[in-house]
Each structure stands twice: as structure tokens, then as C-alpha cells.
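Look at the two complexes coming up: subunit A is in both, with subunit B in one and subunit C in the other.
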Partner chain A sequence: MNAVTDNLGFLAQGLLTTVVVAILSFTGALLLGTALGVARVSAVRSLRTIAMLYVAIVRNTPVLLLLIVLVFVLPSIDIVIDLAPALVLGLTLYFASYVCEIVRSGVATVGAGQMEAALSLGLSQWQAVVRVIAPQTFRVIVQPLGTLAMAVTMATSIGAVVGVRELAGTVRLLNGQYANAGLLFGVAALLYIVLALLIARLAKAIENRVQVSS
Partner chain B sequence: MSTLNRPFRSRRARRMLLIDVGIWVAFGLLLAGVVLQAGRAGELDPELWIPLADQAIQQFLLTGLLGTIGAGATAIVFAVVAGILLAAARLSANRILSSVAGVVSEVCRALPILFVIYFLLMVAPSFGLRMPPFWQVVVAIAIHGAGAFCELFRAGMLALPKGQSEAAASLGLRGSQALRTIVLPQVVRALLPAMISQSVQILKETSLGYVVSYPELLRRGQLLAEHLGGGFLQAYAEVAVLFIGLNLALTGLAIWLERKLSPTTSAQAVGSSLRFRGRA
Partner chain C sequence: MRPAPLRVAAAAIAVSFALGLSACSAPAAETPVVEGLPDDSPTIDRVISAGELVVGTPDDMPGFNLLDPISGEYTGFEARLAELLSERILGETSVRHVAVTTDTREALIQNGTVDAVLSTYQITSERLEKIDFAGPDLLLGTGIVSAEALDLDEVTDLSELADLRLITTAGAAADLLTQAVPGAEIIVFDSVVSCVQALMDGRGDVFINNEATAIAVLSLVDGVKIVPNTLPLSSFGIGVSKDDPAFTDFVNAFLEEIIEDGTWAEIWEEEITPITGKPAPAAPVVGDLGLE
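Now for the complex of A and B:
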């Protein structure tokens, strides 16, 4: 029992780090990924190509490799980033490629007729995108984004590899000090499961809210 | 009409061209900045890159690639089989079985793979459960993958019209027979592209073998960097090329299959929408 009760503070701090890193990374991925997704379906060909290249490269790279590049390779070209910001940046860059694909496929599910109808009703191109296309896209992508939020939260654990003290890193560190650390791992596992459940709940709530009753 | 449109069209075309050129120039400048920075740090010295062409080093990395493929393929097989069983259990009429399978699948997906690897590495031995690094990686990834494949197959089975299993039952097939001969072939066919995406995911996850010194590609890259005396840029550049090449080939296969299989059951739509759900 000691391994857990003696270190409640450490565990809480680890949990907090995990949550903060997850929130920052997911927000960043959402912003960058949406920009990439819009670029991917835009009328400008160069933007489409660049977004496509980004996704092809980043999505096929392991996130741990991305993190290692930020932590070990960038210093060799004289760019040094702190560990925790590097973790956030790595997760942001990685998951932005997923958000991009989610947005792209979301837009694809909105029929071309919607745009034509909006334009023929006299809406400007901008109005049509913001008022007609975007809301319908959002409704479709809420669920995959919820799944992605869970993936981001779990992926924060790779910070442990480079020494960020989030939940998994904290447990790994404390493990060295106790003969029987099974309980420590059990508590951390429970915390991860609770986090996942909370995210699932939240995603479901948002999904229900934006749903249109048919 | 066409004479009215022509000047407008060409002006629009010219503006689009200008925008395109401007964006490419900005993108080029960005890349040039990165290259310049690397050059200033002395990392572009050919001396640093020539060793990569060495045959022994190539072989060293290629065996790493084989390690990645070996662990990945093993994990995929276990994850697919476990995923199918879990999905079948979730959809079974037995309430208890179905809710137990639901909880198992949720827990599988809620635990970070790295966390499970640490558990197998640090705690499991004290319960007398010792396994070599290969299995530590494979088991951890397969546990997570089983949850992911379970959701995939469940969605696929739900999307299959109910008449299929009803018809199978009315022909006198038992539940497991119907699953094997009627339901699964159709579901697997519809989900094949999504399954390949999930497999790419699993191949990327084998890079976590890095932490248990399982000789996969990323770990080999680290050793190579040390061998090169701190050549992180050079070593990881080649590792990245190999990873991206392997996964692009698989992704290409998925897209090709999707095109080839397009006129199929209603489960197809589910398959393509599932492709885009992210996993770590």
C-alpha cells in the first residue's frame, strides 16, 4: 500500500501533466489539422499538394520517431526545445495529420448538391461554407474526433521515453524505489481508464447536442 | 455568354496561378531555412552521410526493418483473431458474455501501449511472468490492437444486413458456422481497407520496442546514431525513409483494394468511414 499512499502527490502531479499535455496537444492538433484539412479540400492546388505531402509523411511515421527527432535531432542543428513542449509539439504535429484526414472525409460526406443549393439561394461562397458546409461537416466528425482525443491522451505516455514525468513516466520512476510496484501500476491503469471513460462521455454529450433529430 | 465569361475566367485563372506560385515560394523558403540551419550546424557535411551507403550499415537497418515487420505481423495476427472473438462475444445474445466482452474491449483500448510494456517489463516478472523483449512488444500491442479490431469488426457486423444471419439460421447453420461461412467473409471483405490502416498503425507501434531494446527499426536507428558518433540526423533520416516507404506501400495497397472492392455490401460505407478514426 505504501508505494501508492506515500506518493499520492507524485501520482497527482503525473496525472495533471498527462491531462495538460493531452489538452494542449489535442487543441493544437485540432487547429493545425483543421487548417490542413481545409487546405486539402481547397481550390488552391499548391495548398492541396502541401497538405497531402504532410499527411503522407507524418501519418506514416511512428509518433515516437517524431518525438525523438524533436528531442535528439533538432539539437544537432542548434534548435533546442524543452522536453514537455517537445512532447506537446510532437503529438500536435502527429495527430494533426489524423485531424486533417477526418476533416477531409467529413467534408466529402456533405454532398456537392448542398454547396450548389446554397449558392443558388444567393449565399456567398463564404456564407455557404460557414453556414451550410461547416455545420454538417462538424456533425459527422465529432465521433471520430472523440476517438482521436482518447488516442492523444494515451499517446502522452510516450513522454516517459524521453523523461517527461507524466503518469506512465512517474510510475516508471517510482517503480525503482519499491520492491512490489504492482499496486502502483494498478492505480495508474485505473486512472487511464477513468480518463478514457470521461473523454468518451464528453464526446457522446457533444455528439448528442449537435445531432439533428431526423 | 461565353464572351462575357472569358475575361472573368482568365483573370481568375491568373490570380489562382499567382496564389499558387506565392505559396510554393513561401514553402520553398521554409524548407531552405531548415536546410540552411542544418548546413550552419555542419550537419550537411558529405563525410557524415557517406557511411549510410555502407553495406554493413544498410544490412543492419534492414534487419531492423525485418524486426519491425516480424513483431508487427505477429501482433496483427493475434489482434485480429482476438478482435473477431471479442466482437462475436459482444454481439452474442448472452447478456453477460456481451457486457464482459464490452468491458474487456474498452479496457484494452484505454491502456497506453507503453504503459503495458512497462508493466510486462517491470511488474510481470515478480509474478513469475517473464518474456523476451519480442513478446513484451507483441503482447502489449496485440492487447491494444484487439480492442481496436473488436470495434472495427463489431461495426462491420452490425452494418451487415440482418437478413444474412437470419437466412443462415433458417438454413440450419449453427451460430459459429454462420459466423465463419456467411458473416465473416462479407465483413472482412468490406473492412479490408480499414484493417490495413489498422495494420499500418500496429507497424508504427512496434517502434515502442525501442524501450525494451527489441531490435526493430527505431532501436537500430538509435544504435546506428551512437555508432556514427552522434549522427542522429543521418541515422533517423534513413529510419524515417524506411518507415514511410513501408507504410506508404501498405496505404497504397489499402487505397487500391478500396477501389477494387467498391461495389459491395452496405458494410463498405462503414469500412471507409472507420479508416479515418485515429489511434495512437
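Now for the complex of A and C:
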């Protein structure tokens, strides 16, 4: 047990890194992914193509590969990104492709008639998107985005491979010293589960808030 | 009722099966080719009935365990030891490698997936609580590699490195550092290759590992140097199950044998001397695990 109790500060530091990396990566993915999602459903053909290509390439590549390119390949053309920022960038780029698809399918669930009705009521195109389409889309995509936030949090653990000492990396390091994999990885698993449950709760709260009472 | 040809055929198949099976089981019933094996070791019984020794090894440690992806062959000092050990048990070389990492070594020994682990496995008292070590099979010093430009005096204690960013692999080297240099920035990668790349990219100031790996790194890349040090040697052993003391004794006897007859030094000179340019060092004393 002392593998854990003697290293509470060390573990907390790892957990904090995981949380910070997850928050930054998810926020980044949300921003980039929403931009891509809007491009994906826009009326401009070239934007649609760019977004489609982005999703096709990035989503169909393992995130580990993307990270290895950022950490080990880019330096060969003299671009050296620090390890933790590289992890955040990798997760952002990767999960943006998922956000893009979630946004696209969210928009698709809002009937075409909604747009037509809004326009015929005299709203401008912009007003129609912001006041009619976006709120309805948001309601639909909260839950899948919550699931994605969990996936991002779990995926931060690949940081252990590229030298970022987040929760999984911390536990690996401790296991080298204490040779107590069951206990250490068990504690890590428990902490990941707690994080996931917190995210699920948060997503549910947001969903309830934006729900239209019937 | 006509005689059923199907039934005849079925009987014929059954008979031939029975004959076939007994023919198959015949070799297993033979006594082992090798004499003088302990008869109270479940591990040795398993190796004999499977016809192969299953060893847990990494595949990316130059000089110790390196997999040639084209031929599928393992080279290196500990890979050779594994071959010799299988020969000692089976009378022929028959080794199956299972990839292990620092995270999985103890578990794979405990659950019987591997018979032994040979992975520059540093002997520590924490690990001895989970598994047993035969050996030591290696005594290695610490190797410190830095960029040529870095100005660093001879290191007499690891704490002198406290202000530097230290790159290392997960495992013995990382443990040593977390204990000896608390608070230092330690960057851990999966493999030696990743560590070297990170050092070249300037992600850290020095790469720390065992002496032989450090020298192997020197042979792989330009622009780096070895920082001299007077740090003590560490003992590395062969990880085996705690439940089979007869096997631990057997592997110890095997190691003593190959150290005594010069085979140990011979394979060192074939596998590690080409990398380090130095002759085989004094062999370890089997049974002296190097712990206080």
C-alpha cells in the first residue's frame, strides 16, 4: 500500500496533469471541430471538401501515430514542440475530427423546414443559424460531446509513451520502483473512472439545462 | 437391413484416429534427452512437455535483446543466454520470446506466461517480494550520454545531475533516478530509441541508462559523448517464479557453469564487446544479489 500512500503528492501531480491536458485538448477539439463542422455543412463547396478531407485523414489515423509524428518526426524539420503541448496539440487535432462529425450529424437532425421557416419569417441567414438552428443542434449534441470528453480524458494516457508524466505515466514510473502493478494500475483505473463519472454528470447537468420542457 | 457403409467408415476413422493419437503421444512419453534435470521443478516439466522455453524479453535493447525484424532472430547477450538455457533443458535450442515491458514483467512471471524474464532486469528488494531472481547474470555501471556541447565534469553522485533534464527508459534507470535525484526533471520514454531521438531533439540534457546501452547509443548516433562517472555497479538477474525454487537453483547452477567454463565471457565478447570496444568484465558472483 505504501507505493500509493508514500507518493500521494506525486500521484496528485500526475492526476492534475491529466486533468489539465484533458481540459485543454477537449476545448481545443471543440473549437477546431466546431469550425470544421460548420465548414462541413456550409454552402461553400471548397470548405466542405477541406473539412471532409480533414476528417477522412485525421480520423482514420491512430492518435498514437499522430503523436509520434508531432514528437519524433517534426524535429527532423527543426520544429520542436515541448512534450506536453505536443500531447495537447495531438489530441486536439485528432478529436476535432470527431467533434466535426458530431456537429455535422447534429445539424442534420434539425429539419430543413426549420431554416426555411426562419427565413420566411424574415430572419437573416445569420439570425436563422444563431437563433434557430444552433440551439436545436446544441441540444442534440451535448450527450455525444460528453462521451467524447470522456474519450479525450482516457486518451491522455498515451502521453506516457511520449514522456508526458500524466496519471498513467506516473503510475508506470512508480511501478518500476515498487513492482506493484495490480495496486498502482488499480488506483489509476479508479481515478480514471472517477474522472469519467464526473464528466458524465457534468454532461447530464448541461443537457438538463438546455432541455426544452415539454 | 443393409450393412451401413457409413458405420463401417466411421469405425475405420475411429480406429485410425486411435492409432494416430497413440503414435502422436509416443514422443512425449520418452524420457528427456538431457540427464541430471531436477524432477521437482514444474517450470522444467512445462518446458519439456511444450518443447520450448518461453522467455520474456524486450526487442529493442541493442547488445542485450534486439529483434531483427527481417529475419525474426534475436541477438544480444541475454538472448544468447536464453538460447543456452533452453539447450541445457531440452538438449536443443528452442526459445519463444514474449515481449515484456517494465509494467508487465512481474505479472507475466507470476501468472506463468513466461518461464523466465531476461530484460536487463535490475534486482531490487521490491521486485523480490513478487518474484525470484536467479543470478545476477550481469553487473553493469551507469552510462550517462550528453550532447557533445554540454560541459559536465566527472559525475561521482547522481545528485550532481539535479539541475539537468534527465531522459531515461521506464524501469531500473528511472527508479534509480527518482530515488537518487528527487525533484529532478525526469523524462521517461518507452524505448532506448525514443530516448536517443529525444536527446538529439534537445528535449533533455542527458540520457541515463546502463553503461552498455549508453555505449550502444554512442555507436548509433553522432554528436553525443559519454560523461565519465564513478557510480557504483548494479546487479541484473533472470526473473523467475517464486513458486519454483528448484528452477531458481537450476538457473543459478546453469549460470555458475557457463561463467566457470568461459562461455559467459565468450558471449559477452561476441555480443557486447563490438559495441563497447572493451573486453568482458569480471563475471558476477552468482547468488550475490547485491542488496544490503
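In this section, the second predicted complex is superposed on the first by the 212 of 214 C-alpha atoms of A that agree within 3 Å, B and C clash if a C-alpha of one lies under 4 Å from a C-alpha of the other, contacts with A are read in each partner's own complex, and residues count from 1 in each chain.
Here, contacts are C-beta pairs under 8 Å (C-beta built on N, C-alpha and C of every residue); 3 or more make two chains touch, one makes a residue touch a chain.
These numbers come from a predicted model, not from an experiment.
On the superposed subunit A, the positions of subunit B and subunit C overlap enough to count as a clash.
In the overlay built on the shared chain, the residue A:Val162 is in contact with subunit C alone; subunit B does not reach it. Look at A:Val44: by the touch rule set out above, it reaches subunit B but stays clear of subunit C. Using the contact criterion defined above for the overlaid structures, shared-chain residue A:Val19 touches neither subunit B nor subunit C, since it reaches no partner. Judged by the touch definition given at the top, the superposed model places A:Ala181 against both subunit B and subunit C.
With both structures placed on the common chain, the touch criterion links A:Val110 to neither subunit B nor subunit C. Legend: residue contacts after superposition of the two complexes on their common chain; A:Asn60 is shown touching subunit B, with no touch to subunit C. With both structures placed on the common chain, the touch criterion links A:Phe72 to subunit B and to subunit C. In the superposition on chain A, A:Ile102 contacts subunit B only, with no contact to subunit C.
Which of subunit B and subunit C touches more residues of subunit A is settled by the count: it is B.
After overlaying the two complexes on the shared chain, residue contacts for A:Arg172 are found with subunit B and with subunit C alike.
Comparing which residues of subunit A touch subunit B with which touch subunit C, the overlap comprises 72, 160-161, 172, 175, 180-182, 185. For subunit A in complex with subunit B, the touching residues are 43-47, 50, 56-57, 59-65, 68-69, 72-73, 76-79, 95, 98-99, 101-102, 105, 109, 144, 147-148, 150-152, 154-158, 160-161, 167-168, 171-172, 175, 180-182, 185, 188-189, 192-193, 195-197. Across the complex, subunit C is touched by residues 71-72, 75, 80, 82-83, 160-163, 165, 169, 172-173, 175-182, 185 of subunit A.
Contact residues of subunit B toward subunit A in the complex are 16, 19-20, 23-24, 27, 34, 37-38, 40-41, 43, 106-107, 109-115, 118-119, 122-123, 126-127, 200, 204-205, 207-208, 210-211, 218, 221-222, 225, 230, 232-233, 236, 239-240, 243-244, 246-248, 251, 272-273, 275-280. Contact residues of subunit C toward subunit A in the complex are 102-104, 106-107, 124, 126-127, 129-131, 167, 170-172, 174-175, 178-179, 186-190, 194, 197-198, 200-203.
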